[in-house]
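Per-chain numbering from 1; labels A, B and C assigned in written order.
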Amino acid sequence: MIEKIDKFDKIKILKGEKVGWHRYTYGNGEEIFFKNLIDKKFFASKCKNCDKLFIPTRIYCEDCFEEINEFVEIKELPYIYSYTFLFKDLEDNDLKEPEIVVFLKWENVEGGLIHRLKETSIDEVEIGIKVEPVFKEKREGNINDILYFRIKK
Amino acid sequence: MEFKGTPLKDKDIKEKKVFYVDWHVKANYAWDCGIALSYFFEGLKNGKIYGRSCPKCKRITLPPRMFCELCFHPTDKWVLLKDTGRINTFSVSYLNWDASRREKPQVPAVIEIDGASEGMGILHLIAHPEKIEWENLDEVLKYIKVGTKVKAVWKDEKEREGKITDIKYFIPIKEEK
Amino acid sequence: MQKVAILGAGLTKFSRRAKETGKELAFYAAKMALEEAGLEIDDIDAVVCVSAPDAFDGVHMKGEYLSDGCGASKKPFMRSYVGGGSGVFGIINGWYHVASGTFNTCLVVAEEKMSSSMPHPQGIFNAIYDQFLERPLGVNLLWIFSLEMQRYMAVHKIPLELIALVAVKNKKNAIDHPCAQEGIPGNYTVEEILNSEIMCWPVTRLMVSPVTDGAAAVVLASYDFAKKFGKENIWIEGVGWCLDTSYWTNRDLYYPRYVEYAARMAYEMAGIKDPRKEIHVVEPYDPFAYKELHHLEGLLLADKGEAPRLLEKGFWDRDTLNGIPSSPSGGLLGVGNPIAAAGLMKVIEIYWQLKGKAGKRQVKREIRRGLAQAWGDLMQVGTVVILGK
């Protein structure tokens, strides 16, 4: 005998929230990438087995499953691999100006970075064009040490 | 055998010898109580504890549920239970939810409610019968042990919200011989 | 069903907070297991990862996140999770992969990075409690353990001193474990255990395992694959698992019946009729001191209420000749408790004991069969694995 439900005002909802926060250590691998951001440098890991380069840095090659202990500086600028435009914020309010989020890759390097593109209008954005980083004055070893990227003129 | 791993000390973090990033997130939830608990909470608002019976195994379940999880059969009747019971087990806690210390202990207990099947317990708190707050472990052990009879102390009718906290706590009572 | 062998095992150091990310911990353990087995990652057909709540590491879809550190890139991959029972559950899941004949080899990796959760992982654990009936009371994780311990002691009239002896035994055993978390092993007396800070009476601080980061890994292989290696292999002889109802306040907590059901399943598969004679070394899950005794009874290695009396007589000591050594590794109380990896650490201990590679922890009596058991969730799951030579 299943009870028939017809009194919906009696069905209750209980509200609650998740509390607590997280502290993540970068680990042996990514710490090298972020430490070098302080010096405005981009570093990649190099696997001695397959010669592949990885950004951000890591201490193992996921294909060869070998430990990596060689890290090299990448001096070239990254290029736009893909992009998207944001017109609303996380609370669904309209943004005054659309924001540009890009996925950047470096030539001959596996992996890449997601970041924001500024000082650029929507029609200037094109896959393949090179971009340069604009750094903060005071850097701490954090992805936001890079304020944003802009198209290299 | 060589074992890898880099144990850190508190000062490695404090002195920023190791890099890290913090992430704070606020996640809010609105849970539907479901059919059984909605009725149960309405009951609590009216100062009553309800269980629900299974027609197959004849258990009177508490907390009430729309199906008996042992028979996998729908339950069928609401059963009004008493607001007294017996302590199945208890503990004396000096910790808050986030592992910070309490000065005065709290006493959580599993209480088998009279009227429900044997062993049907709910989790709640036990308070000192007069002072409410317990002073220390020794005082708690003077008043309660496994098997002690307890009775619910309810919030005033106008303060009840239809939540488990409508029962403020249970207190130990003398047995009637 | 094919026979399944363990070819290699790996373990990282256990610590309160490791510098390594979860991926890196998983990589170290997996690589070490492959090296002992003499295999490369390409020899592995499938990967199983076990890890407890995503909320500890603070990463969503933790299995997928850890997968490349587990060597699972571009491979068949499965993650399973039953709370603390996961460590042994991983072996069971991996066993299925190979025993079914679907794969020849399977790498099982267990990882936990509890240090990410702030202010303390206990806060994350609270979500295990019912949001309607229990959380509004201001619950703490330790309540449920102290409630169970109280019930166990009350039903069998066990004095606190006997429970404390488990902590004494395990913390002493762990002195000889190279991965043990700093500050955890030691030579304690019963008084020191009982007089340590009261957390949630009757549980005191030294009766609880610590919060830990760590990883463990094991390489499983089919009979045909293992034969090629010619070395003495350690076989999985039986597995068992069982989940009880989540209405924990409706169950009598003095006895873990779900551990008994899981154990019976494993004993039947292994053809064991008299566990007390046929199991020679055991690693029961010991997140709290009383839990080891609770589980030894659930595993049918002692009568209900008898495990503490046997402990007093030295029956469970590491160097016993007539008893069954229990937690020779030092267990969670001595080595550390990175939830999922802890269970796998226990399986690895049985494996090393059977191979004679346990160093200073090697038990004195002759052993041919060992059992590892893990527990988890809301006093709910029992997972058991039996290994033999």
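One rule holds for everything that comes next: a contact is a pair of C-beta atoms (placed from the backbone, for glycine too) under 8 Å apart; a residue touches a chain by one contact, two chains touch by 3 or more.
Just so you know, these numbers come straight off a predicted model, no measurement behind them.
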**OP:** Can you figure out the chain closest to the middle, judged by Cα centres?
**Re:** C
**OP:** Please state which pair of chains has more C-beta contact pairs than any other pair.
**Re:** B-C
Original post:
From the C-alpha centre of chain A to that of chain B, how far is it in Å?
Top reply: 43
**OP:** Could you give the separation in Å between the centres of chain B and chain C, each centre being the mean of its C-alpha atoms?
**Re:** 28
**OP:** List the centre-to-centre spacing of chain A and chain C in whole Å, with centres computed as mean CA coordinates.
**Re:** 36
Subject >> Interface hub residues of chain B, defined as touching at least two other chains >> reply: 6, 8, 13, 18, 22-23, 29, 31, 33, 37, 41, 98, 163
**OP:** Pull out every residue in chain C that's touching 2 or more other chains.
**Re:** 17-20, 58, 118-119, 123, 131-132
**OP:** Send over the residues of chain A in touch with two or more other chains.
**Re:** 14, 16, 18-26, 28, 31
Original post:
In the complex of these two chains, what residues of chain B are touching chain A?
Top reply: 6, 8, 13, 18-33, 35, 37-39, 41-42, 55, 66, 74, 76, 98, 162-163
**OP:** Can you check the complex and tell me which residues of chain C touch chain A?
**Re:** 17-21, 23-24, 27, 30-31, 34, 40-41, 55, 58, 68-69, 71, 73, 115-119, 123-124, 127, 131-132, 135
Subject >> chain B to chain C touching residues, read off their complex >> reply: 1, 3-8, 12-13, 18, 22-23, 29, 31, 33, 37, 41, 61-63, 65, 69-70, 88-100, 105-106, 108-110, 119-125, 137, 145-146, 163-165
Subject >> Complex contact set, residues of chain C against chain B >> reply: 11-20, 25, 28, 32, 58, 118-120, 122-123, 126, 129-134, 136-140, 142-143, 146-151, 154, 178-179, 181-182, 197-203, 213-214, 245, 247, 249-253
**OP:** Show which residues of chain A lie in contact with chain B when the two form their complex.
**Re:** 1-3, 5, 10-26, 28, 31, 34-35, 141-142
